[in-house]
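Okay, got some structures for you below.
Across the two complexes that follow, chain A remains constant while its partner is chain B and subsequently chain C.
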Partner chain A sequence: MLGLQALSDSLAVLAAEGEGGGVHFPPIDHIVKWPAAFGDGQFWAFNKIGLISLIAMVVPAIFFFLAGNKAKLIPGKLQNVAESAIDFVEQQIVLPAIGPDGMRYLPMLTAMMFFIWVGNMFEVIPTAHMPANARMAGPAMLALLALVMFVGVGLKHNGLHYLKEALFPPGVPVALYIIVTPIEILSTFLIRPFSLAVRLFANMLAGHILLVTFSVLTITLTNTLSPLIVAAALSFPMLVAFTAFEFMVAFLQAFIFALLTAVYIGSALHPSH
Partner chain B sequence: MLSLIGILAEEGAKTINPVVPDDVGEIFWSVISFFGLWIILRYVCLPPLLRVREERAAKALADREAASAAETQTEQVRRDYDTTLSEARAQAGRIVEDARATSDARRAEAVRQAEAEVASIKQAEIASIDAARAEALTSIRSDVSELAVSAASVVVGSDLDRAASQATIDSFVDQAATKR
Partner chain C sequence: MNSISTAVHTISQAFPEGATAAEAKGIAAATNAGLAYGLAAIGPAIGIGYLVGQSVQAMARQPEAAGQVQTTMFLGIAFTEALALIGFVVFILLKFV
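Entry: the complex of A and B
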């Protein structure tokens, strides 16, 4: 905390130098918006986020394909890692959140977790430094999919009883449904997917901004001729520490997104629980 | 630092609203990529891994059951072995007892036969001795009778009647034989 305070004070001084020098942070649209490589203005405009999304599809697909291509009873190293990954999704997400009935959603949840994770990892991959999910497109699409999935699962397995359970929770006095039902509509069908998307997006965007901030600080402080150059000794370790932290965040956010999606599907599958 | 981040956010707010997905291309490629990955994992990549995992689990279960069955069988074999061993031991005991009894009977029979044979031999030898003695007595009685009559005839100077003296001589010889 002392280090952060000292850094904050140094930044204040640097910022006060104004136009003649100091820290020049790039505008936010410079660090999250990317020009299209082709198809500009079209619905299929392909930019850096599109490329990362494609890589986030290709990398897990190749990994699982190579692992499962010549799968044997006695697994090799790659197969062992892949099976451990599947076991993780099964044991930590599917079974606790949905139960044995949820095994049919294992491919979707595995795809979801790995797609988000690989997309997030581009935050800390040198030369990329841009998590795909720091843009709202990916999280919004996945949250919408989660909404469609859990509503669809609820309707498929429980019919209109699912909507009745969701909108008119049992045990609540009838008069209170005037208040409770709108709240349930909001919380279940709007806030759930919105919070899913915003949680992932905001965490990745915040981490991205944090890394950009400390990168800019480190570069600026290293190049300054003032005594504040000593502050670079703080900003660079912080940059390294936050980079390591973002490794964890990248995985954690992917796990949380997949887990919450599974929880929502589980609650739709067994609404009385 | 917080104030700077605030300034950043303020600048950002002037330019774009990051919460709103404003790039259709990004949404398009996200949808293509994610559903592509989902389909690939669902129909291509995961089935062999899940199948192998199930096969391994089934094999492990079968192996465990086989091991359990083998253990039960081993236990059964051990019990059978113990039973057979105890029966063999009992049978061996019986055989030893029978052998001992047979041996005792045979030994008793042999002893009895030997004793009978000894008794028979002894009886035969006694009879033989008695016969020899009787023969010797008869021979001695004749010799003694003749010697005594001759000696007495010399003493008295006349021939004695052998027939009349024979009873006395026989009585003397019998007494001598009895004294021995």
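Entry: the complex of A and C
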């Protein structure tokens, strides 16, 4: 009880210091907006997000190129890693979500997953500390790609029959199509890409804000001279734990994005399911 | 329902005396943003808890189907948490924009 009393006292002191002390949480602009390195205000403006996206594109490409360039029957170390990565996509994403005839979408889904994953990993990589997908533009473009992909696959393999199945699901009384068809249009062509993009974006932004919050808290608490400094012993382990958690989230979101794209492609490929 | 809206109204009207219009707007934004995210998190929280609980039960009963159950579980989680994430986006929009 005495400790709690001291804690609330020093909290009051901290609050009373006002502008001089207290926790200064940076405004949201400072933690997600980056100044452009060049081309400010133009459409070709290039900032930290662009650099991270470029790295996220180049690194997996070089990795898979080096691993697959001189593929041997008995794989070396690099080829082993690449093969298990592709095997993971095959066993966990393509086969359960699409089926054996979905193997031709494996390169696209692998590229998508690794691009998102490497972009996300910059959330916990020191000196970068910014997930590329915490800005809406990247996830929105990827979701548009997924939309074009599954609509294209449906039209290519099932023709107009795909649109008929998507808009007028069989087994519904005719009068109910007045309600069902608008809902189906909304859910298939609008809510699917929207929720894909928002899921990735909001998860990465939330993780980023979480890490910023605990970093700011830890720095403020260790710099304070009040008895509140003992609370840093709580906030610092939280920062470490959330960093570990974000490692998992970065991978899980990339996996889920690729998995959902595969599910949508699968439903366009086999509409009667 | 009426009592909730009354409560929201009471909270957002409870400004300190002498607050300027900008401060009042900030207080209302912060209060309602917190309320929006809190309400949006209730449903998905129950949903994900139920979903993962049932998946664990399925995996315990049939360990050989664990891989398939796990993939389906992640799919279900992705769909369920979308609502909470939209709530989070609303929070950001209310609080910071």
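Quick note on the criterion: the second predicted complex is superposed on the first by the 255 of 273 C-alpha atoms of A that agree within 3 Å, B and C clash if a C-alpha of one lies under 4 Å from a C-alpha of the other, contacts with A are read in each partner's own complex, and residues count from 1 in each chain.
As a convention for this text, a contact is a pair of C-beta atoms (placed from the backbone, for glycine too) under 8 Å apart; a residue touches a chain by one contact, two chains touch by 3 or more.
Since the model is a prediction, treat every value here as computed from it, not as a measurement.
Residue contacts after overlaying the shared chain place A:Met112 against chain B, while chain C stays out of touching range.
By the touch criterion stated above, A:Leu260 is placed in contact with chain C alone, chain B being left untouched. If you count the residues of chain A touched by chain B and by chain C, you find the higher number for B.
Shared-chain residue A:Thr213: touches chain B; no touch with chain C. When the two structures are aligned on the shared chain, A:Ile28 is found in touch with chain B and with chain C. Using the contact criterion defined above for the overlaid structures, shared-chain residue A:Leu205 touches chain B and also reaches chain C. In the superposition on chain A, contact is made by A:Leu252 with chain C only, not with chain B.
Residue contacts after overlaying the shared chain place A:Leu160 against neither chain B nor chain C.
When the two complexes are overlaid on their common chain A, residue A:Gly50 makes contact with chain B while staying clear of chain C.
By the touch criterion defined above, A:Pro96 reaches chain C but does not reach chain B. Touching of chain A by both chain B and chain C, each in its own complex, is seen for residues 27-28, 198, 201, 205. For chain C in complex with chain A, the touching residues are 67-68, 71, 74-75, 77-79, 81-82, 85-86, 88-89, 92, 95-96.
Against chain A, in their complex, chain B makes its touches with residues 1-5, 7-9, 11-12, 15-16, 18-34, 36-38, 40-42, 44-53, 55-56, 59. Those residues of chain A that touch chain C in the shared complex are 27-28, 92, 96-97, 195, 198-199, 201-203, 205-206, 252, 255-256, 259-260, 263.
Note for the complex: chain A touches chain B at residues 4, 7-8, 11-12, 15, 23, 25, 27-29, 32-33, 36, 39, 42-47, 49-50, 53-54, 56-57, 60-61, 64-65, 67-69, 71-73, 75, 79, 82-83, 86, 106-108, 110-112, 114-115, 132, 135-138, 140-142, 145, 198, 201, 205, 209, 213.
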